[in-house]
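Residue numbering begins at 1 within each chain, and the chains themselves are lettered A, B and C in the order written.
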Amino acid sequence: MIPMIRFPRKRTIFWTLLAGALLWPIFSWAVLHAIWGADLEACRAARGVGACWGVIVEKHRLLFFGRYPFAEQWRPLIATLLIVAVLGLATWRRLWQPRFAVLALITLSIATLLMLGGLASLSFVPTKLWGGLPLTLLISLGSTLLAFPFAILLALGRRSRLPLLRQLCTLYIELVRGVPLISLLFMAAFLFPLLLPAQWRPDILPRVVFTIAAFAAAYLAEVIRGGLQAVPSGQYTAALAIGMTWWQATRHIVLPQALRTALPALVNSFVGIFKDSSLISIVSLHELTGALAISLGGDAEWRSFYLEGYLFIALIYWIFCYALSCSARRLESGLRY
Amino acid sequence: MSSSRLRKLGLLCALTLSAVATQTAHAGKTVDAIKQRGSIQCGVSTGVAGFSLPDSQGNWSGFDVDLCRGIAAALLGDANKVNFVPLNSQQRFSAIQSGEVDVLARNTTWTLNRDASLGLSFTGVTYYDGQGFLVPKKLKVTSARQLKNAEVCVQSGTTNEKNLADYFRSQNVKIKPVVFEGFEASFKAFFSGRCQAYTTDISGLAGVRNKEAKNPDDYVILPEVISKEPLGPAVRRGDDEWFAIVRWVAFALIEAEEYGITRANVDAIKAENKDPAIGRLLGSTEDTGKLLGLDRDWAYRAIKSVGNYGEIFARNVGPESVLKLPRGLNNLWNKGGILYAPPVR
Amino acid sequence: MRQTLFRWLPQIALVILLALLLGWMGHNVLENMRGRGIHAGFDFLRDPAGFEIGEGLLDYDASQPLWRAFLTGTLNTLRVGLPAIVAATLLGALIGLGRLAEHPVPRKLCGALVETLRNIPLLLQLLMCYFALTSLLPEASEAIAPLPGFLLSKGGLFLPALDCTQTCMLDLPAAEGFGISGGWSLSPEFLAVLIALSLYSAVFIAEIVRGGIQSVSRGQIDAARALGLRPLQVLRVVIAPLALRAIVPPLGNQYLNLIKNSSLAVAVGYPELVSVANTSLNQTGRAFECIVIVMAVYLSLSLLTALLMNRYNTRVALRGTR
C-alpha cells in the first residue's frame, strides 16, 4: 500500500474520536443493549435501544431451511455441509483440475438427491418446499457448474478465427450482459413455459438454475477470455509445431494455463453469482432472502424485528462472500512469483 | 466428401424439422392427465388468510383449498390427492395458461378481460367479494372520500389496482397509490405506516386486520365497497369436460347446503333419504356422475370430505375462523344472499 | 476451395441449427398461445393502461395508453439511475482516496466499509434501506426537519421547491391532511433505491479509483513532490490525469451495472421500467411482449452508456498521451 494522501499524524485524536462516534452507537445497539434470548417482552422493552437477536433464536430453523419439513431438516443440513466443503476445496489451487469439477458435480448431485428424497427410506420432498441456505448454495453452485463448459466454449468461440462463430458468441455474450438478471428471471418464470412444447413442464427450480447458468456463462466467458489472452501465443505455436491439432493444443496446453490465470477472477465471479442468487426471491423461491420473508412476514409479533433478521441474513452472505474473495486474493498473490 | 457432408446436413435438418412437426401434437385432456398423475395441481395464493394459507408444516387450509379438495374427492376419490402450487398474482395466469396448474383457485376476480383474452375460463362464482379500505383508527377517517392526498398501499397486478384508479377518478379525489409486488409486502408496508390506507377485497382486509395486525382494534374497515369482485376458480380454456367438473362440484356443494346435507349427516341422509332431488345429488337414486365422466358418488364424496358450502365458509372465513366475516351476499338465495346453484339433475 | 468449404460448413451448420432451435421455440410460443386463445402483438400498447403510477416525470394517469406507462417507467429508471451515478462516483472517489490515506484510522474505516458493502447482496441492502426508511422514521404528521424547509418522514423527503407558475416563489413543504404537501417530494421507495444503489456502486468505484491511483508510478509522485507541489496539487495535476486513464474503462462498466441493478427497485415498489412492465404483464397477460420491451430498453441503455463512455475514454486517453 502506497499512502498517497497526507494527513498530519497529530490528527490521530480527531480520527479516533470520529471513528468512535461512528462505531459506538452500533456497538451499543448490537452488543451492549442487545437481547439474546427469544423473549418477546424483553425485545419490545429494548426497542430502539438494543438489538433483538432473540428473533434469530426463535426463527432460526425457518431462516436456514425455509419450509422444508421440520423432522427432515437434517437432510438440508448435510447437503449444506457437503456444498460448503466443496467450496472450501475449490479455493485450493492444487485441486484445480478437471477431476475436481467431477467431484463437485457428484457432491452436488448427492446433495440434491438427499434434499429431494423419494428413494431408499427418504421421503419425497418437492422442490417448492426447499428453502433457505441450502437452496442458495445449490442454485449458485449448480448454475455455475452448468455454466462452466458453456462459458469455455463461448470464450473460445469469441476468440475463434471463424467469423460467423465469433460473431454469434460475441452477440450472445453482449446481449446477455446488456440486460439485467431480473428480466431473465421473469423470463424463466413467465416465458419458459411458452417456449417449450405444451407437454413439457419443467419445475420452476430447474428453470431458474438454467436461466442463471445462461446468464453466468456470459460473464464467466469474459473472465476465461481474459485468461486465454494472457497465455503467450508462443505456447500455442509451439504446441502446433510438435504436431498437435488445434483442439489438442487448446485442451492440453492453452486452456489449463488460461484457467489457472483466471482462477481468482472466476472465484470472484462465483461470489457475484452467489449474491445474485438472492434475486430469485422475487420469483417466489424461498432462498435465504425469501426465507426471511416467510419466517417474519407472517408473524405480527416478531415482524417488528425485521432489521435484525436482515442483518443476520446479511452476515451469512458476508461470511461466504468474504471468505471466498479472501481466497481469491490469496490465489492472486500466489500467482505472482 | 463435401457432398456427403451436405447430405448429412440435409438429413439432420429433415430430422429436426420432423421433430418440430411432431411436437405440435394435441395436448392431452386435463382429466386424463390428472388421472394418470393421480393428483390435481391446484394453484393457490402464496398466503391469504381464510382462502389459502400454509401452516409451518406446509399443510394448506382455507376456502380455496377446500374447493380443490372437494374436486379431488369427486374426481379421484381422495380429498388429499391435491398438489397445492402457491402462485403470486403475477404468476397465476401464466401458470394456468402453461398447464402448470389444472385449476386456479386463487381468489381471482372474474372479469371480461380475463375471461376473454387470457386463455382461461372461469367456472363460476364461489365468493362474492368487493373492494374496500382499511385505515388506522387514529386517523379518524370515516369515509373513503376523506382520503384526499393520502397514500394507499395496493398490490400490483390485481383488479384492486385498477379499481382504485377508477374509483378516485370518479370521485375526483387525488390519492397516491404505493404499489407492491407481493401481498405480504403490501400489508407490511401499511402496518409500518408507509401508507395511510390499505386496499384489497373486503375478505382480504378482514384477514389482514385480524391476522396480521399487532392489535386489530387499532384498524377499521371503511364502509365503502368500491367494486364487484366475484371470485371463482378458473381452468384452461378449451377443455369442456374438466370445466364442467370444476363448475359442478362447486354447485353441488352449494346445493348440499340448500338441502341441509352436512359432513356429519351425509351418511344418514344418504341411507334414509326419500327426497328424489337429494337422491340425485348423492347418487343413491340416479347416476348424475356419468354425465360428467365421474362415478355416481362424486358429490357424496365431495360433501363427505369438505362439507357443504356453508360449512366451508364458516370454517375458513366465517364465525369459526379468525376472519369472522358475515355471510352477506354469500348466503343462499333463499336466505337473503345471491348464491344460487342450478339444479343437479 | 476445399479449405474454404471446410471453414464455412461447420459455421453454416451451427447457424442453421440455431435458427432451427429459435424457430422451434417461436413455433412453440405461437402454438401455445393459439392453444390458449391468446393473440400476440404489440397492439395492446395503445389500450388505456388502467393503473396509476405513484411517481414520475411525465404527467401520467390511468386513462393514458400503456406505452405512456412504459415511457414513465423508463424515465423513472433514469430518474434514479442518473443521480445514483453522480452520487456513486463522488462517494466512490472519496472512499477510494480514503483507502489510500496515510493515517490508519480513515484507511481502516474505508476498508471496512468496502469489505462490508460489497460482500452483501444489493437486494438485501435495498430491502434494509427501505425498511429503515419506512419503519424507523416518524409518521408524516411528526416529520423531522433536518434543515429548515426540509421534512423527513415515512412519507419520504420533502424539499423546498421553486414554484414559477405565476411569480417565482419558494414553495415550502408543510404537514397538511394525511401527509405533507407542497415542495418537492422524494418517495421513500426512490430514496431507498438511490441510497442503496449509490452506496453499493460506490464501493466498487472506490476500488477502481484506488487501483487507478496505485497504477501511477511512484516516480511520478516523488518527482512532483520534489518540485514542491502540495499533496492536493499532486493529486490534481499529476495523479488524477494519469489515473483517469486506468479508471475510465472499468468505471464505464460500473455505470452499466448500476443502470442494470436499478431493476431491483421492483422489490421495493419503486415504479421503474421492470415494475411497470410487471404490472402491465399482469393486467394484460402479455408476458412475451412485456419482457421483450424491458430487454430492448435495457439493451439500448447499455449500448448508449457504452457509447458515451467510449467517447469519453478516447478523449482521456488522448490527453494522457499528450
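The rule is simple: contacts are C-beta pairs under 8 Å (C-beta built on N, C-alpha and C of every residue); 3 or more make two chains touch, one makes a residue touch a chain.
A quick note: this is a predicted structure, and the numbers were derived from the prediction, not measured.
Visitor: Among the chains, which one keeps its Cα centre farthest from the Cα centre of chain C?
Guide: That would be chain B.
Visitor: Name whichever of B-C and A-B has more C-beta pairs touching across its two chains.
Guide: Here the pair linked by more C-beta pairs in contact is B-C.
Visitor: Using the average of all C-alpha atoms in each chain as its centre, how far is it in Å between chain A and chain C?
Guide: Chain A and chain C have C-alpha centres separated by 22 Å.
Visitor: So what's the Cα centroid distance for chain A and chain B, whole Å?
Guide: 37
Visitor: Using mean CA coordinates as chain centres, what's the chain B-chain C distance in Å?
Guide: Using C-alpha averages as centres, the distance is 39 Å.
Visitor: Of all residues in chain C, which are in touch with two or more distinct other chains?
Guide: Only 28, 31-33, 35, 131, 135, 266-267, 278, 281, 287 qualify.
Visitor: Give the residues of chain B that touch two or more other chains, as numbers and ranges in rising order.
Guide: 23, 27, 90, 94, 97-98, 181, 185
Visitor: By the touch rule stated above, which residues of chain A touch at least two different other chains?
Guide: 190, 193-194, 197-198, 282, 304, in rising order.
Visitor: Could you list, by residue number, the parts of chain C that touch chain A in their complex?
Guide: Those in contact with chain A are residues 7-8, 10-12, 14-15, 18, 25, 28-29, 31-33, 35, 97, 100-103, 105-107, 109, 115-116, 118-125, 127-128, 131-132, 135-136, 213-214, 218, 221, 231, 235, 239, 256, 260-261, 263-264, 266-267, 274, 278, 281, 287-288, 291, 294-295, 298-299, 302-303.
Visitor: Where on chain B does chain C make contact in their complex?
Guide: 1-2, 5, 9, 12-13, 16-17, 19-20, 23-24, 27, 89-90, 93-94, 97-98, 114, 117-120, 139, 147-151, 156-158, 161-162, 164-166, 169, 176-181, 185, 189, 192-194, 196, 236-238
Visitor: Which residues of chain A touch chain B in the complex?
Guide: 62, 67, 69-70, 126, 128-129, 189-190, 193-194, 197-199, 201, 282-284, 293, 297-298, 300-301, 303-304
Visitor: Contact residues on chain B for chain A in the complex?
Guide: On the chain B side, the touching residues are 23, 27-28, 46-47, 54, 56-58, 83, 85-88, 90-91, 94, 97-100, 181-182, 184-185, 188, 191, 211-214.
Visitor: Contact residues on chain C for chain B in the complex?
Guide: Residues in contact with chain B: 2, 5, 9, 13, 16-17, 20, 23-24, 27-28, 31-33, 35-39, 50-55, 61-63, 131, 134-135, 139, 154-155, 176-179, 181, 187-189, 266-267, 269, 271, 275, 278-279, 281-285, 287.
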